[in-house]
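For reference, chains read A, B, C and D in written order, and residue numbers begin at 1 within each chain.
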Amino acid sequence: MDHPQTREALVFRVPMLHPGDTSGIEKLIATGTIDAEEIVAIFGKTEGNGCVNDFTRGYAVLAIETMLSDKRGCTREEISRNVAIVISGGTEGGLSPHFAVFAVRAAGEARPGPGLAVGVAFTRPFLPEEIGRTEQVDETSAAIMRAMAMAGIESSEDVHFVQMKCPLLTNIQVAEAAARGATTSTSDTYASMGLSRAASALGVAVALGEVSRSAITDAAIGHDLDLWSGRASASSGVELSRTEVIVLGNSARWAGNRTVHHAVMRDGIDLTAIQTVLEHAGFQPAGQLPTADAARIDAVLVKADPPRSGTIRGRRHVMWDDSDIHATRHARALVGGVVAAAIGRTDLFVSGGAEHQGPDGGGPIAIIVQHH
Amino acid sequence: MDHPQTREALVFRVPMLHPGDTSGIEKLIATGTIDAEEIVAIFGKTEGNGCVNDFTRGYAVLAIETMLSDKRGCTREEISRNVAIVISGGTEGGLSPHFAVFAVRAAGEARPGPGLAVGVAFTRPFLPEEIGRTEQVDETSAAIMRAMAMAGIESSEDVHFVQMKCPLLTNIQVAEAAARGATTSTSDTYASMGLSRAASALGVAVALGEVSRSAITDAAIGHDLDLWSGRASASSGVELSRTEVIVLGNSARWAGNRTVHHAVMRDGIDLTAIQTVLEHAGFQPAGQLPTADAARIDAVLVKADPPRSGTIRGRRHVMWDDSDIHATRHARALVGGVVAAAIGRTDLFVSGGAEHQGPDGGGPIAIIVQHH
Amino acid sequence: MDHPQTREALVFRVPMLHPGDTSGIEKLIATGTIDAEEIVAIFGKTEGNGCVNDFTRGYAVLAIETMLSDKRGCTREEISRNVAIVISGGTEGGLSPHFAVFAVRAAGEARPGPGLAVGVAFTRPFLPEEIGRTEQVDETSAAIMRAMAMAGIESSEDVHFVQMKCPLLTNIQVAEAAARGATTSTSDTYASMGLSRAASALGVAVALGEVSRSAITDAAIGHDLDLWSGRASASSGVELSRTEVIVLGNSARWAGNRTVHHAVMRDGIDLTAIQTVLEHAGFQPAGQLPTADAARIDAVLVKADPPRSGTIRGRRHVMWDDSDIHATRHARALVGGVVAAAIGRTDLFVSGGAEHQGPDGGGPIAIIVQHH
Amino acid sequence: MDHPQTREALVFRVPMLHPGDTSGIEKLIATGTIDAEEIVAIFGKTEGNGCVNDFTRGYAVLAIETMLSDKRGCTREEISRNVAIVISGGTEGGLSPHFAVFAVRAAGEARPGPGLAVGVAFTRPFLPEEIGRTEQVDETSAAIMRAMAMAGIESSEDVHFVQMKCPLLTNIQVAEAAARGATTSTSDTYASMGLSRAASALGVAVALGEVSRSAITDAAIGHDLDLWSGRASASSGVELSRTEVIVLGNSARWAGNRTVHHAVMRDGIDLTAIQTVLEHAGFQPAGQLPTADAARIDAVLVKADPPRSGTIRGRRHVMWDDSDIHATRHARALVGGVVAAAIGRTDLFVSGGAEHQGPDGGGPIAIIVQHH
């Protein structure tokens, strides 16, 4: 074999009873299923509103860091630096709150791959005036290349999902830049969340060859929705100034019985795309996946967004006009239902805010599957 | 032929721009597609919250009655007495606000049936102390038998959906009953909505032979969820004291190229049930219905409800614990997504409040389809 | 007396049970308190969310127009042209839904004034590219001058409240303007609501001499919050292309025992301003107004808005960051509580969206009082 | 002096930027204003919805316990046992999120009292079948007597506020009791929150002689709203099985320049009651308190609840019928506005769920004031 398979990536999905409930993760450790030191990333889907005042994200992060620092015997700061924690709020409709725990260990007796490969990397900290601009695109793109290299993924074809946590602009940062004579891409902090996600997604598109770098200008970021990545997923957070990148792919250098696959939903009700990704994973979907098949799926990662057009296949939706329920909440509920119809389970990581992450109103979908 | 096919039932689905927008219905009349006098029932799915303070229902009813009284040259009261108007609030997720207009005309040149049969009937007005009790069950059951007879449907097997609009208890009615020494099933007006729907649904179950009358006691109504109808759909409203019944079935006495079919969703993500009803209608569902097939579906009628268990297939849902978004809103969003996955369109009549209307967390689904 | 007092303006406040409930108004007519023909304006405070999908406004308008066209024996269109109907959604906190009915009749035996004077006028229809720009300011200003003249109010000092209903931009209008090569002030229809209210309010400020016309540029509209009127109140609606203006003042030409007074709340908790307007009306406020005094107040008209600063007197508020409850809903609840504290009643017309209507976070307050 | 004044109670109000932001408390410690060991209780008003899915409470508790365990060098469990942490969600309207930190230290050079006295006590753990019943009333009553004794408060007249954190029933507890043949007061876990608050409040009423013990039966708890305490404030939480009691009073045994006072709001707009408590505290309220006076108020503690009657002084409110905003959120917004009108500041601890805590629709109000 050309590449010795020295590593194995594992994914475990555990339920949570509330955003501060890490008992599912603790049980993985207590039962010896994984070692606390092996955890490289945790994704969480919490029952907040996924919008500005969603404090379930900060709560879950604090609970995880506190718990892991106890288990590893280190400070919370060290956990923060070494474990990529991405919490996405919003379990509308029938979605079920859960964590997906990513662990990496020496291959040992693991079944030979090609297997799931996980790469983690970070950009340098961004200046306020770089957020939402081509500088952020380029730095993100470079970080993805590093994460791929670290994971031993040689071809961009083998990358199936890139989860990112990127910074946003605060009022203080906007003012600090202005004091230096620099202008930020926006002075609206809420808008900066979308622009940062947008630049991150385009960074993936460039790194994976989905969009030509020459097509990307500052003006296009967040606006030209014809430019998109079919494998990017970004969320922005106030707690960091650099971007955290988790690349999920398949690689001949990794052992284990898990692989990852993806497709792109063209709109929020694109069942066909979901069936396509299931086919890529080796299933033969006709109706809903049988229970035994669904049990082999370790994670479903999807982006959802309200179509800007105001319609789905020509029929009016109410997402944008509803002042009681935020548009992104409607979108997650819808896509959660569509994916649950295909997969037959509701513990799905459906995340909102999909600028340049799939076409308008659609989004990438990836699944991690275990093979027997 | 034994039964001369003297009547044809037609169904037209039209979009609405807001709850008071009857322009879609007016256009049907203006273009001669239907005559205003032919309209026997209008179902509407409006973008309100579907809960207590959903005034989109009253708004739509007032707009329809005002418009139809102009077209027919009669009073609004006459429209109210002669046209069954059932408005259901809530287009969460991707659902699209629309009206379904039911018209009946002489068969004329219509393609020979058996075709869609529509029967309308009314109970006598209920006393407050009868609401949510066996008296309501029995009167509703009798009204359904009358509606079936009127529609010339001989076998309960041929009934596929029974839509009802039933009364609720107001504080004034509770007090009036108490003044007479009578006790109502509840003094909580919100709870009375559920009990009235529950008794109505059990009336269908008895009329169609789905549940034995002897199994139904006052105590079971609203509580024993093992008793249910697979074809009942009830909504309660403050504006009436009797129950309005619209029976949809197929009959050899009706002409026309439309038929109605049903199945029962076992839970909110039961794609298999939806594929079953599509098969009954003559489709061969594998993935999502092709656009040309979907275009032949005139109406999709579904009930949705949050499972009382707190879980969907063992995984926690948050519907009951969300104090920002009402549980029924989550349920409609979920089921809307699941049905849209199968059908490929979003103008679906998904209605909440499904006591005894399908099993806990599930509900009946019916489709009206046009055959070429 | 120089001016014969030929007219009397009356105001009646009646409760509503729901947005379509006009029974309170009908009772005024049935009891002979007012004649249907005397009604010149109706203000309504309905229990909708006051935001984009607040259909309680359209519902109330349809219900009023239908009822009044029956009473007056004319078409709904004639009512629409001749009666100014301003419905404001949102009764958060303890606010109580109600209508305020304005009627004008020959003075007859009415007690000599100076009394409450009511003037109604309309601008010409606006072109899309005029909305939110100085053209709208100037036309609105001119209409206010006409309404004052019609009401026989000679001095701008005698004007105490100007209620306006102004147009907004729809996507169709933006496109129509673009097709002609014209650019609208915004292409965001929601933003156009604020810009139209802003231009309307500045129109009042110019007409009443509160702001110099030369200070107003297109760029200042909606942005320079130091420019404001202490007597303007604007709401925008999709149903009209011109602006409707109702001027409330006191005039020696009007008979009757009612007068109107105003003050400006500097922020949402400015009790002192409320006490000032009560003093202007002849009360001697120390704590809450005694019940007998409160009973003499026929209408309380207030604007409320979340402070853009994010704080109230230096303390953080959460209005802008709450993705579950819209900021304007918080603001109405707050101001409703503050005004109810002073007046001792909750049927207050507290309206949101106060661009240039009072200082940032504050707003004008006017009361109409009956003297014995 | 009869009683040597050995202790001083201090209260510091600090803002929070989000529910996990303890920097205000840390600054009190870092600047030497208080010693971490002196903290006996922390009240927090967070920006959650104050309802079932309000995770800001758990988040704030975790953040405080983590921070204090670092500062004190002990485990989080020790903090939990020794510091009474009461977090109340909901800052609707203009309310400002904040913490109130209670510290007790040796009197030292403190100005002689009588001063603010703080007593903390706990009941024994409750059996599920005791919750919401007279057993809970009696145990709570006894705990309050112990807290008074600990604080050296001899007369119930000197108690001005009793804050309690009481348990609720979970599904597991209901089942455990049923397995033993015991029946709980309710099987509805949400209803158990209200019943537990109700029994706690009646425990205060008995301890302070406001209600005769003989008037309290299991049936009266939560239902007979004529029985109430003017000084009780209870909130229920899932995290404890016993009740935590914090008694605030004035005592000649305590030094310091702070005192506490109370009054009872008869309804949500009872400004007169607020002026009464300000008078008790030595102010002379006419309109809003001057800024210098407001600055001397260390804490404002109020209960708010929607009137069950559906009206405020005969005028309909919409709180109960609003399915978008929970009734308790409306009530807090309203009362927050009324109290802010009087006090001139918005960092008020307005808490919902006021069964037997003041009359229906009203509630106790207490202020802690510093004297120069």
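Simple rule for what comes next: a contact is a pair of C-beta atoms (placed from the backbone, for glycine too) under 8 Å apart; a residue touches a chain by one contact, two chains touch by 3 or more.
It should be emphasised that the depicted structure is a prediction, and the values quoted were computed from it without experimental measurement.
Engineer: Which chain pair shares more contacting C-beta pairs: B-C, or C-D?
Structural biologist: C-D
Engineer: Which pair in B-C, A-B or A-C has the same interface as A-D, with over half of the contact pairs matching by residue number?
Structural biologist: The same interface as A-D is formed by B-C.
Engineer: Starting from the mean Cα coordinates of subunit C and subunit D, work out the distance between those two points in Å.
Structural biologist: So the centre of subunit C lies 40 Å away from the centre of subunit D.
Engineer: Between subunit B and subunit D, what is the separation of their C-alpha centroids in Å?
Structural biologist: 48
Engineer: Counting only residues that touch at least two other chains, what does the list for subunit C look like?
Structural biologist: 47, 49, 53, 318, 321-322, 324, in rising order.
Engineer: Please name which positions on subunit C make contact with subunit D in the complex.
Structural biologist: It is residues 15, 17, 47, 49, 91-98, 268-269, 271-272, 275, 285-288, 312-313, 315-319, 321-322, 324-325, 329-331, 333-338, 340-342, 344-347 of subunit C that touch subunit D.
Engineer: Per the contact definition, I'd like the list of subunit C residues that touch subunit B in the complex.
Structural biologist: Touch list, subunit C to subunit B: 18-20, 47-48, 53, 55-56, 58-59, 62-63, 66, 324.
Engineer: Show which residues of subunit A lie in contact with subunit C when the two form their complex.
Structural biologist: Touch residues, subunit A against subunit C: 49, 51-54, 318, 321-324, 326.
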